[in-house]
Each structure stands twice: as structure tokens, then as C-alpha cells.
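One chain, subunit A, links the two complexes that follow: it is found with subunit B in the first and with subunit C in the second.
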Partner chain A sequence: MSDLNNGISRRSVLKGAAVGGLGIAAGGSLLAGCGSGATGPLAYGARSVDAGPTAQNEALLAAYTAKTGNEVKYNATESNAFQNNLSQYLQGTPDDAFEWMAGYRMQFFAEQGLLADLTGVWDTIGDQYAESYKIASTGLDGKQYFVPRSWYPWGLHFRKSMFQELGLNADNVTNWDEFLKMLDGMKKKGLIGFAAGNKGGWEAMGTFDILNARINGYQFHVDLLAGREKWTDAKVTEVFTYWEQLIPYMNTNVLDLEWDGAMQLLLQKKAGSMLMGSWFGGNFKEQSEADYLDLSIIPFPEINPANGRDTIDAPIDGYCVAANGTNNEGGADFLKFAGDIEGVNAILGAKDANGLPIPMTSANKGQDTSSYDPFQKEQLAVMAEAKYITQFLDRDTRPDFAGPVVGPAIQSWFKNPKDIAKIQDTLQSQWDALPPLA
Partner chain B sequence: MSVDLQLAQAAAKYKNKQKIKDRFISVFIGIFALVWIFPIAWTIWTSLRPYKDVRANGLFSIPETLNFDNYSQAISRMDLPLYFWNTALITVPAVFLTLFFGSLIAFVVSRYSFKWNVSLLLLFTAGNLLPAQLVFIPVFKMYVSLGKAVGMPRILYDSPWGVVLIHVAFQMGFATFVLSSYMKTVPKEISESAMVDGASVFTHYTKVMLPLLRPALASLGVLMTTWIYNDFFWALVLMSSDSKRPITSALGRLQGEFVTDYNLLAAGATIAALPTLIVFFLLRKQFVSGLTLGSTKG
Partner chain C sequence: MSSTAKDITKVSRRRAFSKADRTTLSAFVGIPLFFHLLLVWIPAVLTILLSFTYWSGISISRIKWAGLANYKNIFFDTPAFWEALRNNIIWLGWFGLIATPLGILLAYQIDRQIRGHKFYETAYYLPVVLSLAVTGIIWNFLLRPDGFVNGLFGRDIDNAISFFGNYDINIYVILTIASWRHIGYIMLLYLAGLKSVDSALREAASLDGATEWQTFKKVIFPSMKPVNIIVIVITIIESLRAFDIVYIIYGSSAGFPILGTLVFQNIAGEGASMKGAAYAVILFVLSIGPIIAYLRTTFKSDVQ
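Presenting the complex of A and B:
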């Protein structure tokens, strides 16, 4: 019902903007000090057709149009199709502003000159974001090409009710020994300790990321993914040695399950814990509010005291401006609004079909976290503990390496962990064989 | 008498043997039929279950509820009228143009002998062998730069006409090949008498050949329709606006970024497959003859 209202109000806002377009536009230029001028109509490419993000985007666009009088054409594409076709999209007739991801995935296209420089936007809204977000938004040439919107952490998820039944306290699972003890206790009760699915090939990359960062530290991890360290390094072997200790506590069909299969084990209380991005919480929420409220997250336990729990995989989603768009200035102006707390609040104010808020953890410092649900607050806490943020393996390294090479390599390791030396050799030789980036 | 008996016995034995053989073959065919029907049956079965049920109880559990909710949800989320219209906008012109151009070339190549006619036929047929994945980047760049050159960036790229054009170009090779083999089965005498009666080349084509080609055109048309209908690739790489893409891409709308509801997807896939099924059952005869078209030279 409120979704309907939302739609109506958005439409009437657009209509109002069209009728009073001149007046508002004039007002906009008078208020140029606020950072928004009349930059003309623009097109916005959304990377999702799901109900939640659509409601959020519509709220954002309506707020922008109401403020500036600029009409925004909304083009939504399903996320997989959008992602697979992005290269053509950006070279062809792209929308002016579009949704994308931070880190290497943004830099890859920025290097090819397909993204517009957003340094000016960052001059205006930069102080609303922590330094780590600015780093994730910066291209290899030192200029910003990205404005963050939201993020989600990768951590150890469990069900509070299960921990209670098992007499476990999440605060006591902070290091590797305690973690193994917890898994052992679950195994003795006939449960799967550490649910895992890796049929898709990308799921287990999260486990590799966190183990590598915990054991060898943030710097080694990013250096390895950038090719400055070798995959044949003994440090990488050690990651897999630790990983192997977890195998007895995993479900036996890791390579037959996709992430959602592993999630079902947790939902059905057959598994005690799972390492995954918190985004999957939406599934619990869809199942029932009670299941969602039962969900909890803690940082992955410490392994090497020198590193503590200082690193986290927290992929950032946000926006870019396409260099080949027809209105770069308008795109940048829109992102200035979307990144500003005003735009962020418009997004956070969006409601789903049942009139409930849509959980989203914003990247903006000024966000009002009082309306966040307990699970979101835990995510914030997990994030706050981390000093370094990584984006996830397939966003932190070359796209032609992550999916085609690392994914199958980890899958073959699951088939035979004893092959690790051979797998490391393959990884390194495949990296060496990659063509240089243009 | 005894010879007769022996013969009868032998015949009975043979019949028996044949029966066993038949039974064996039936079982074999039955197994294959099951293997073929299984994915479809499983899709339909999946589409009747809500994902909530699967998520809570696992894939191989006894369903708590079976209903058509997934279908009604799929229909509303897929924006069916829009995407079916988009598909029609691509498929109908593409099929007609392919048949038209294909029959023209086939006509010239098979009815008139000139120096290059075999090479011409080979050239068109060879085009079939190029995989789409190999040529899509040049085609894409061509479309974009052509759009820039004429000052209308969306004249071919991100336009249904661009997709129609590439389908015509790609399918014409096969159409030419099939239609020319069919035309070769039409007795030369018909053409000769038409020419003696003073028919021009054009009359020869429209009044004499086209009516004779009708069965071949019908079956080829059915095949082309299903192929072009099922295309996802060209529409994906040659269009940037999702709202212009055909029904095959609308299926993606059911696949969330984070939550993939396979039960809903199964319902959507069943709906999207319906038109091809209907076309197939209505024109089954043409379809089967289409598959063997040109395989024998009458």
C-alpha cells in the first residue's frame, strides 16, 4: 500500500517538477551554494530490478527531482545482465549516472577512460566519508571515479537461538582455538559446524580472503591479489593448511551446493555457523521476521595475534558517471546529491511493499543509525572493529584472473587438498600468463 | 506338412525374437523419453512450489503447498506484455526478411547458371559457421561508430532494427542453403516453360517459384521463429536499455541480485517457453519436415 503511495507521490512530484520546472530550476541556480544547479535532464542506470532497491532508487530520484527540477530517466537492468554487458554498455550509449562497485572493478573501467572524473564531487561531499571509502573510490591515477552508497560485511553468521541451546557465547569465539572448540562441540552434537557451498566458485573466495588476511595480514593479501607477491609463497600454503582444519566441520557436499544451499543449512538449524556476506540476511527476512531477528554476525576469529581482527571484506556498492553519456555534468550533479546525507536519507526513508524500512547500511558518516535493526547494528560493530577494508577477491584482483582461475583452483583444492603445491603452481603460472592490461 | 510346421515354427520363433527385440527397444526408448522429459517435468514441479517451502525444508522434501502463485508473480514481475511485444518487434520482421532475402538468393543461385553461383552459395553457407561470440565485438563497434557517424547514436545500437539486421545476416546463410536445395528438387522444365512463355525474372520468382516454395518457407519459418525467439545473446550485447530487450532477458528480472528464487524462475521459464511450444504443436508437420529439408535430393 505504501509502495503505491510512494509511486503516486513520485509521479506527482515529477509532474509538479515539469509544470513548475522553470521556477524550480531558477530557484536551483539561486541556491547554487548548496551544490545543486539546473544541469538538465539525465538518465540513470540501475543495476537491479528487485523490489527493495527499486523503491530506494525511486525515492532517491524523486528527492533529487524535487530539489533541482532536473528530470531523471530511470533505466533498470537485471544485475547479472548489467554486469556482463558493462563494457559494451559504457562504450555504446550509456546512461549518465549508473550503479556500480568500488575498487578494482571500478578502476578497470576508469583506466580505459570510460568513467568520468568525480574529483569535484568528492571536494563537496568528501568530508562525509571515512578515508577508507575515498581510497576505494579512487582510480589508479589518483582521481575519484566513484561515489559509495552502501556496503555489507563478510563475517561469521550464526543463529542466536542455536548458540543459546548449545550453551555457547559468541563473545568467547575470538581466536582460532576457541573457534575450533566451538566447531568440535557442534560436531559432537551431530551438527555441521561451518556450512559451506562452493559450486558457484566464488563463495569460497571469501574464506580465502579472511584466512589470508588473518594469517598473513592485510598488506600481504592486497599485494598478492595485485601480483606483487607470489601465489607459490609458503604463506599461501599456510592459508590452505588452516583451511584444511575446517574441512571436517563442513558439510560433505561443498562443491554441490551454491551459497543458498549452505544458507539453507543455517536456516534449517542443521549448521551452526557460516562465513558469508550479510546481504543474505534478506533471505531470512523473507522467510520470517523471527528468523531475521535470530540472525547474528561476529568478526572471523583471530589467528595471528600480530594482525588481530583488523581486516574485513566489505564490498562497497555505489555510483559512477559514464564518460560517454550525454550529460556528464548532470551525472556528477546527481551523484553529489546521492552521496550527500540528503540523498542518503531519501534512500533510507524508502519503504518496502509492506511499509517496512529496507535494511541498508550506508557508507555516509552522517547516517542516522538509530533506526537500524539489531542485525544491522551488529554489522556496524563488526565493521567498526576493522582497520582495513578489502572488497572481496573477485573485486580486488583482475577480473580475468578471479573468476576463470582462482575459482576453479579452489574448487580443485576441495576435491583434493593434498594437491595444494600443484594448485599454487597453477595459480602463479596462470597469473604470469595473463596479458598485460591495456 | 512337416515342412509347413517347421516354417510356422521358424516364423513363430522369428516373431518371438522380434517381439523381444521390440520390447527391448521400447524399454530403451522409454528410458530416453524419461531422460528427456525429466528436466521439463522437474521445472514444472519446481514452479508449483513456493521458494519459502524449499528454503525451510530442502529441495527433496514433501511439499507443504502446491499452487500457481509463482506463475501470477512471474507474470507481474516479468512485465510480460512489454517484453512479448519487444520479441514480436524483433522476431516478425527478422523472420520475414530472412525468408525473403534467402529465397531471392536461393532462386538466383539455383535457377540461373553464371560463373560465380556456386561460390556465392558457398559464401552464404560459410557465414553460418562463424560463431556469434567471435564477431560480436566488431559488430558492436560498427553499430556504435555508424550511429556516431550519422549523429543518431541509437540508429542501430540499442534499437530493435539493429538486432533484426544481425539476425537476418546470420540466419540468411542457412535459409539460402535450405531453400536452394529445395529449389533444386523442383523440375527445371517448369522454369523453362515459364521462360518460354515470356515470364520476366521477377515474374518467374513471384508467380512460379514462390508458390512452389510454400511448404519449404513454412517449415523454415517455423524453425527461424523458434531460433530467433530463443535468442538472448544478440539482444544482450547490441542493446543497452533493458526495456527494449526481448522476453528471454525478462527472465533475468526474476533472478534477484542476492536472492534467487528458483521456483519463481521455473514458473517464468515455463511461461516463456509456451509460445514456442504452441508454435511447435500447431505446425508440428512443418517442423519435422523442416528438420529433414534439403537432406535428400528428390
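Presenting the complex of A and C:
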């Protein structure tokens, strides 16, 4: 109770004049919470306005309200805007529970005291999750601040029908030489081999991650992103040397296209393959069921036999409770439901506009994988092969480094790959210039 | 500034204000002053102070003194800054040498009431009505790889003309878009000035046998000094504070770095650091010269 009051007074200072009305509203719901002793009405912040996730969230909220009688207010924000405003949002009057990402991005805000401790939730539903998910949900202080919802692997995507026409077999694209041979064959047929877009600045980070992990191994990759290795290392140069070999097989307008532009190349069968997170399968499905069923994924090929295909970027999305929310208890209660198989099944029961199920690879062990469609089963297989799981470059390193430094650096490499030595120098000097972590 | 203060004291000596007058006056001066200080100068001063600190924007107790580290980082370790500065300077050069003179030329022609001047006036004025963000959305729709222009040429997304991603030409694409609006803006300002030029001056010049160019250069242009200064200052400020169009087209990724997007990229979102505040201060210092000049001209003409 006193914690909550502190939350309100801190807000009052920050929000100045506007706080009057908000404070009264917050006080009102607090009183209501105290009076009934129930977990009471709460607000949920979604970080997507797309049709699929909205339908899933609505199904989840409806199931929760039906079970507990608690009303949940639904606030949806477009994902980029949500991400850009998160600091302000969490320090202002946030929704009680909100959608966020696991790993460093969660730990960063947990460390600043902006996320509520969810250890109690994990005590209840923890046994429904594999240990790796618990680790990804744990803050630097050893407490859990996150409840996973879904995950998706980053792998090499292609269309089965195109592979068939080209006479290719996915089982024969397992190492770098075979991969280049495949790309070469596609190029000879007038196709783009490796669709890429990097106008958004983050898309190509996935390619860097996987090349670095394949060439230099998981440990080097993790150490590099944590600042324990140098960006000027010859090992990093090698990553870009390999990457440069792919340029002739890419579309020429990498810096014109965002991820969805690259996806269009694959969708329109202008490109033979693309490295991307499997989440874009939802966009294929929106296009047509046939396009979705044509989609296939394999692990990115091996480069260094010492590492094999042992690492994969598989970001986990899920939920947090905002410490400054008016109803932390209610938020935690909601996540207990959302993380439980009951909530997961409610999400899986959601239907898209055509009345078809919306595919989701849940983090919950209890999800019935026999109901998975073939594309989802392939995702599971890709995942099962990996020994090490990373989140994604912008989720595995400092936020003031990933977006403002690495993003532009890779863009300038695309402008002129010959500048690599200079780019590596500035990457390292900008890492060294970062403020010390509090 | 000092001359206004003098005028007020002169006035007050001439006539004593009643108590009600004084209350009204202080309310009229005080309330705007209060909001001006609160919303403009306090944040500006805080930004300057914050630019010398390390802070992620979360909980005030975590601010740490950084000295000049943010500036050192920008000047010595961030190539994007120099790229952005270069782009802003090209922007300024383009506006100063091409867009603004074109606006003046148009204003002059329309003022001479050439045939169809009403049409030109409307056509060039139209973009000024739109905000820069809307301008960005319109042109992005036209020029992106799956946009209207590429569609018109029958280009698909894989062989689309690269308007935004080709770094040999994209600055000129952006500048053309920005000029589309800037020309109309300058035209409007200049047209208002031209309307106030005494037509007797023109007649006298033509009686003396001056050519059109001589009349403009020797008579009209000098007599419009206050407007000229405003136009120059606006050209400089518009070039430095450019942000909206680039943000709409490139997002916050700094795919096309200019100072405005660097401020945003470093101050918004999870990656917030006071490097963004330092960028803002640099931008502020670069703009303050023209702004002071602008204010002085405005005040002078007001007093006159």
C-alpha cells in the first residue's frame, strides 16, 4: 500500500499540472482495490495494433474476465511508438500489465525499479516452463520480472514450391559452400538469392548475429555484445568478409527496403531465400493460406565446423507488470492467468478474420504441439537443433549502443563495404565512450 | 530590447497607471512570460545542463556528471555527426542558392501579375498549408519502392528506382521534397513584402529608363531589407531544424543522418542518453545566431 502511494507521489512530481486528474483516478482505483480485497479492475498495454495479435489479446482478456470477473481495460499502441516511449510510459501512469521482451531489454528496466517482481507468479506457473525461459525472465538480482508468451526462431526461410521448381533440396543446404551454390543457382535463374532490407536499421542485425555465431561461436558473440571482446578484432572483420560474399546475391536496394519489403520479395517469388524471424509467417497467412503453407524454414548453414549450427536467435515475447501501475497485484494475477496453460489456450483459441486459427509457438510446455501446422513444426525442429539461444542483437546488448551505434554502422557498411576497418574502429570507440552503467 | 524598455518608461512617465491598469498589464505580460519561461527557457537551460551528464532518462537520482564526455563522444567518435552536419550544410546551400531565390523569383513574377498568376500563386502556396509530416507521407507514398512513381514506370519492388536508399542521389531527392514546400513559403513572405513597396518607386525607375533587372536589383530589393532579413533567417533555421520529412521517410534509424534525427535517436526510446541533449545543444548554438538576428529585425520594425 505504501509502495503504491509512493508511486503516485513520484508521478505527481513528474507529471506536474496534469497529475491532478490522474491522481484522483489512481486514488479511486486504489480505494476500490482496498475496499473489496479483490484484484480489481486493471489495464493492459499491448504493443501491437495488428489484427492477429489484437484478436489473440481480446480472447485472452475475455477468458480472464470470464474466469475472475475482473475487468481489463485494453490499450493498444503501435510497436515502434510503444518502444520509443517505454521509459516515459513506465515512469508516468503505465498500464498494470504490458507486453514486452525478455532478456537484456527486460533486465534494463527491472534494474531501474520500473518493473514489479513476479517471483510469486513463477512460484505458481514456473513448472510449466523450461529452465531456459525462466533464465530469460530473470533480472540481474535473481528475481523474475517477466512472463513469456511466445517465441520465434530466426532462420533461413524459403518457399517450398520455389525449391521444387529449382530442383533444390533443403537438406542439401547445410554449409556455406552449399549455401553459396544454392544462391548461385538462383542468380543464374534471374532470382534474388538472399532477400535483405535494412532501411529500418535493425533488420540486418539478425544476419550479423548468425554469421558471428557461426564463424566465431556463441561465446565470442555474447562476449562481444557485452563488451568483453573488441569490435576491432579480426574475428569481426571475418564476419563482414563472409557477409560481403552474400552481397552479389542480394537485392540491390537493401537500404530502400524495410523488413516488409524484403518479405514482399519472397512473397512475390522474386527472391529465393531470406533470413528473418518466423513471425512474418502471420503476414504470409494474411495474404493467403496457400502462401503460408508454402513457407519453410531451415537453420542458417554451418560455416565453422567447430560451431556447427549450435546457436540461434530466438527472441521471447511476453509480459511484465509496471511497478508504477495502480494495481500491481491485479497485474500479477492477470499474468498468472496469461502464463498458465489456461490463458495460453485462450490465446490459441483466437481466430483470424477468415475464421482460421492464428499460429503461435507458445513458450508454455503444455501447448499441444501435435496441433502445430507444418511450418510451426519446422520452427520447433530448427529450435531443437540449437544448443545456445540468443535473443537478438538489440535485445542482447546495451540499448544506447544497439540502436544509435550498431544500426547506423551496419547501414554505412552497406553503403560502402570497403570501409569496414573504419567502421570497426568507430564501433569500438563508440562502445568505449558509452557512459558507465549505474 | 533596450529601446522597448526605454519606450515603456517614457510612456509611464507621461501617464500614471491606475491600479487596475497595472494589474491588467502585469497579467498580460506576466502570464505569457510565465509560460514562456516554463515551456521554453527552463527546458532549454535544463537541456544544456543535462548535456554535461550521463543519464538514461530514468529516475533523477541516477544522473551522473560527465563533463565534456558527451561532446567529446560526438566530435571524435561519432562519424554520423559529421555526416549529419554535412547534410545540413548541403541543405542550407540548396535552400540558400536554389529554393529561396526561386521563391523570390516566383513572388516577383506573380506580383507583376503575369498571365495565370492566380493559378501559380495557388499552386505554389498549396504545399505550405500542409505540415512537413504530411509532406513526408505524400512523397514517401509517391517515391518508395512499391510507390506510385515506380508503379507508373512499371517497376516492381526488386528493380524499383532507388530514391531513398541510393546515397548518391537521396539527398537531392529529400531536398527537392523539402523545396516543394519551402519555395511556396518564401514566395508568400516575399509577396507580402512586395505588395507594400510603393509603386511610385517602380514608376520613377521605369521613367528613368531602368530595365526590369535593374529595377529589382537597385530599387525593389534594397527597399525590402526587413523582409530580406526574415527570408534569410527563415532559410537558415528551416535548413538546420529539418527533421519531419526525414523522420517520416527514414524513421529513427538515422538512415539519412541530419542533426534533428540524431537528437531524436539519442534522446527517445530505450537507448536514451544525454548524448541526445548534447546534439540538441549543438543544434541550438548553430541556430541561435540567426534567431537573434531575426528577433532584432522583428523588434526594430515593430518599434518603427
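Methods note: the second predicted complex is superposed on the first by the 400 of 438 C-alpha atoms of A that agree within 3 Å, B and C clash if a C-alpha of one lies under 4 Å from a C-alpha of the other, contacts with A are read in each partner's own complex, and residues count from 1 in each chain.
Quick note on the criterion: a residue touches a chain if its C-beta (ideal position, glycine included) is under 8 Å from a C-beta of that chain, and two chains touch if they have at least 3 such contacts.
Predicted, not measured: the structure shown is a model, and the values here were computed from it.
J.: In the superposed arrangement, which partner chain does A:89 touch: subunit B (first), subunit C (second), both, or neither?
T.: first
J.: Looking at A:264, would you say it contacts subunit B, subunit C, both, or neither? Reply first, second, both or neither.
T.: both
J.: Which holds for A:412: it touches subunit B only (first), subunit C only (second), both, or neither?
T.: second
J.: For A:80, is the partner it touches subunit B (first), subunit C (second), both, or none of the two (neither)?
T.: After superposing on A, A:80 lies in contact with both subunit B and subunit C.
J.: Taking the superposition as given, does A:282 touch the first partner, subunit B, the second, subunit C, both, or neither?
T.: The answer is first: A:282 touches subunit B but not subunit C.
J.: Check the residue A:49 against both partner chains and state whether it touches subunit B (first), subunit C (second), both, or neither.
T.: In the superposition, A:49 contacts subunit B only.
J.: Which holds for A:225: it touches subunit B only (first), subunit C only (second), both, or neither?
T.: After superposing on A, A:225 lies clear of both subunit B and subunit C.
J.: Looking at subunit A, which partner touches more of its residues: subunit C or subunit B?
T.: Greater contact footprint in residues on subunit A: C.
J.: Pick out the shared contact residues on subunit A: the ones touching subunit B in one complex and subunit C in the other.
T.: 80, 84-85, 88, 91, 264, 268
J.: With touch defined as at the start, can you tell me which subunit A residues reach subunit C in the complex?
T.: So the residues of subunit A in touch with subunit C come to 80, 83-88, 90-91, 105, 108-109, 112-114, 192, 199-202, 251-257, 261, 264-265, 268, 270-271, 398-404, 407-408, 411-412, 415, 422, 426, 429-430, 432-436, 438.
J.: Mind listing the subunit B positions that touch subunit A in their complex?
T.: That would be residues 52, 55-58, 77, 140-141, 143-144, 147, 153-154, 157-158, 236-237, 240-243, 249, 252-253, 255-260 of subunit B.
J.: For subunit C, which residues count as touching subunit A in their complex?
T.: By the definition above, subunit C touches subunit A via 54, 56-59, 62, 64, 66, 69, 72-73, 76-80, 144-146, 156-158, 160, 162-167, 250-255, 257, 265-266, 268-275.
J.: Give the list of subunit A residues in touch with subunit B in this complex.
T.: It is residues 47-50, 53, 75-82, 84-85, 88-89, 91-94, 260, 264, 267-268, 279-280, 282-283, 286-287 of subunit A that touch subunit B.
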